[in-house]
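Two complexes are shown next, each including subunit A; its partner changes from subunit B in the first to subunit C in the second.
Now for the complex of A and B:
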């Protein structure tokens, strides 16, 4: 297979398959969660559910003293990684163009030099999180293969993008195809792994906030 | 009952699964932050006490039964079914090292209410027969005798006579049509009868129409702690029957934490209908009386006081501002511990741990968290509002050779009450 054929394959059929699995997988997983429902609470409420639920969704974005002191590496690197990843995904001009060509919507991007720096920071944060997982007695105990594997997969999407952008791997079509392939891998495993927390964390936070809110507590 | 005990346990879990649980399990990324919120981890450094890890068998069961991918993994043998041995191993994690305090639920970045799930997990442990002996005993006594400590009506009557003789106060029993029916915890009857006296004094001053009920005076609910809805339902039903028979408008939960959570928040869901009366915690009622000017104190305490927030009343129960309003009424030198209100650290003996002798050593070990909190503010008296916390605090303080009196907020108020002689 020539580099161009490789690119055509990853950009065409493989990408379509990956996106299809991603979309249907997420719909299935959310269905599996929501279909279970929640029993009506018969205890007289002290507070509301909706507003406290939404408040908890927002509040848990903010790291508090205990998290910074108790889990500084996870909190700080975790924050850097999440923000960095979404900046690279959503504010890199070629990504915006791709989204524009498929969904028809677009927004302004950041200068590539800035994205470049953010990508480096994000990759370093991921490496740091990986090392921390191996080093911390607590995290080593909790971690499964999946926890390490997902860090690698997410890292690869950034790393291959970085290689392609800087023309480190030649020829360029091969580099871009590798980047697409890593993204496709992430999309395919997304619904069936903890990457799903991207969506379910919002549900979880809402339920937590709503259940506590009903009892008059800000959670 | 049919099937093996394991099957009964799994069936119980089947019924406990809901959308919040599925969201929570789907979201955990093993960040370890819940461990730092749990005194069983912070005080031992043992990762097995990580809150979410205590749910690992239930998580796998959920994945295998409620997700397509999990079913697939199970079919091809990549995900092992939950075994009886595993539940036996996890029993100590679920009962001895979790007080259902809810602190981890406040910390989780993805919003997992881990305590909510432990409460549900226990249903499966009970059904499969993996329960600490001490808790089985307490629950059995609660059903048979009416109190987890085996306190009978005659014991309460004896305490009432004592108090009436000593103080000249009247403790009303079985008064039909009273506004309020007060519940007590066995610990208050046996260890802290001062609480009953305090109620009588305060209600006399404030002109509250109240009564005890001879058929339903026990407020604690071992069913909630052990994780058995059947037992919990029977115990709640007893109170509901008593209150409806006397026709009271309100039922007063005593200072005891789990009693409040059981009767206020789980009760209606257990019996499957709304109450015909309202449940108020004693501190809520006292704060209402204070706000209306019906509760007056003659002076404040000068000594340095701090308040230990009982998890089930404050963090999980929502009685928050009331505790501080009342402390403000009686304390001139009040000091907050660093983590307080909804972020307070548990006494270590909630969630049935106090009636599980097997957990005593661990409970005392993790009390070091409370010690650190207390050492930092050096109070002269420690005030709380839960008979169980109080016993656990006294026990912990003694083990750590700390000289610090512990008392209940209601009694503190009663002590400084303006007595208006008629």
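Now for the complex of A and C:
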């Protein structure tokens, strides 16, 4: 297989398969969660559900002081990584082009030099999180293979993107194809691993807030 | 012209001044990324260079490569260099045809065995020898026969270097490149569709000066000309880095000369010297005149997913993939959810509460 054939394969059929599995898995899991529902609360409602639910979804974007003091490394690196990852994903022009071509929506991107810097910070944050997980007795005890594996997969998407952008791997079609391949791997495992928290975290937050709201308690 | 003429003699015969010649040598030295101190060495070597015999074979091609070289511009020293070689066979340019032409080729092959340069443009069909023949000889046979006594081979153009257009899917003739067939000779790939004329002469000048081939990249292309990507040398690069793009060929961005990435520019994956050497005697080059790079010097560029599609855009039907995912996901999700729900309610019904008596009985 020539590098161009490799690129065409990862840009075409493999990407299709990965996106199909990704969308399929996410819809499947969301439906599962939603249909299963929650236990009916038989007590009389003391407050609204929707507003407190949404408020909690939003409020938990803000770092919590207790957590910051309790585990500063995870909190700070965690925020850096999440923000950095989404900046690279959503504000790098070639990525916007991809979204534009599939969903028809687009927005301005960031200068590539900034994306470059953010990517480096994000990768460093990931490495930090990985080391922290290995070093902390408690985290090590709680971690499964999946936790380490997911860190590696997410790191690979950034790292291969970085290699392709700086053309450290030659020829370029191979570099780009490797990047696409790593993204496809992430898309395929996404719905069936903890990566799914990208969606379920919001459901969890909403349920939490709604539950408290119904009981007339602040969450 | 006698075979013993040196390049210096020929240039003087044509009225090229010593000064003009040295200027050319400086340009050549810098083009070949040699230090300025090498200029004199280049001049001396070129001056004394004997006329090499060149056999030029054209297979499945469009003659664009020959056009690029011969129509490049008014006589320059580059073109005189080309005059200087003893082009013993080139069936488009030579006067002789048929048997006489073939006789010239055989004669050159014998007289200069082991020393002549073989230049090839066009791809070689392996599907059926009848797809392309010259004087009844198949391209494959002619290439093998002529390559046998060659000192080196220059594959000119993307067809000879990588298969090019004939090789593009579905490749009806089974076209392959020169290096797919010839394995035991030094081969330089001067790719491009067509290649830049001064790159062709640059390789010839290198051969004349150093008697060997320049340093090559992983695709057998001379590093000096193909070492950097179009994107890295593109004057529109600051716009790419700032995120300023032309969205159509005639919008404000296009008029302001912004980056052509969104219009499908393949500069980031293409290695060629267009951005630095330019075309038409250094007048301009494709991106300067407002069109994205097609990637013409890269293998399989015809099949790389569409000239007007940005490099990062998937080539397939993504909307379809999303639709399928949504539909099937929803269906299976509802089914799985319903099953889980049923399991939950069943479990609730079938649950047999543990009584205090049972617990006491166990202890």
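The definition used in the following text is that the second predicted complex is superposed on the first by the 218 of 219 C-alpha atoms of A that agree within 3 Å, B and C clash if a C-alpha of one lies under 4 Å from a C-alpha of the other, contacts with A are read in each partner's own complex, and residues count from 1 in each chain.
In the analysis below, a residue touches a chain if its C-beta (ideal position, glycine included) is under 8 Å from a C-beta of that chain, and two chains touch if they have at least 3 such contacts.
Source: prediction; values computed, not measured.
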After lining up the shared chain so the two structures overlap, which partner does A:37 touch, if you call subunit B first and subunit C second: first, second, both or neither?
both
**Prompt:** Looking at the overlay, does A:109 come into contact with subunit B only (first), subunit C only (second), both, or neither?
**Reply:** second
**OP:** Scan A:28 for contacts with subunit B and subunit C and give back first, second, both or neither.
**Re:** both
Next on the checklist: On the A-aligned overlay, A:218 touches which partner chain: subunit B = first, subunit C = second, or both, or neither?
Outcome noted: first
Going through subunit A, the residues touched by subunit B and also by subunit C turn out to be 28-29, 32-37
In the complex, the residues of subunit C that touch subunit A are 218-219, 229, 232, 240-243, 245, 261-262, 268-269, 271, 298-301, 303-305, 309-322, 324-326, 328-330, 332-334, 336-338, 340-341, 344
Subunit B residues touching subunit A in their complex are 17-24, 26-33, 35-37, 41-42, 45, 47-48, 50, 52-53, 66-69, 105-113, 116, 264-269, 272-275, 278-279, 315-318, 320, 339, 342-343
Contacts from subunit A onto subunit C in the complex sit at residues 2-5, 7-8, 11-13, 15-17, 19-37, 93-95, 97-98, 101-102, 108-113, 167, 170-173, 176
In the complex, the residues of subunit A that touch subunit B are 28-29, 32-39, 41-44, 46-47, 56-57, 60, 66-67, 70-71, 74-75, 78, 136-139, 141-144, 147, 191-192, 194, 196-197, 200-201, 203-209, 211-212, 215-219
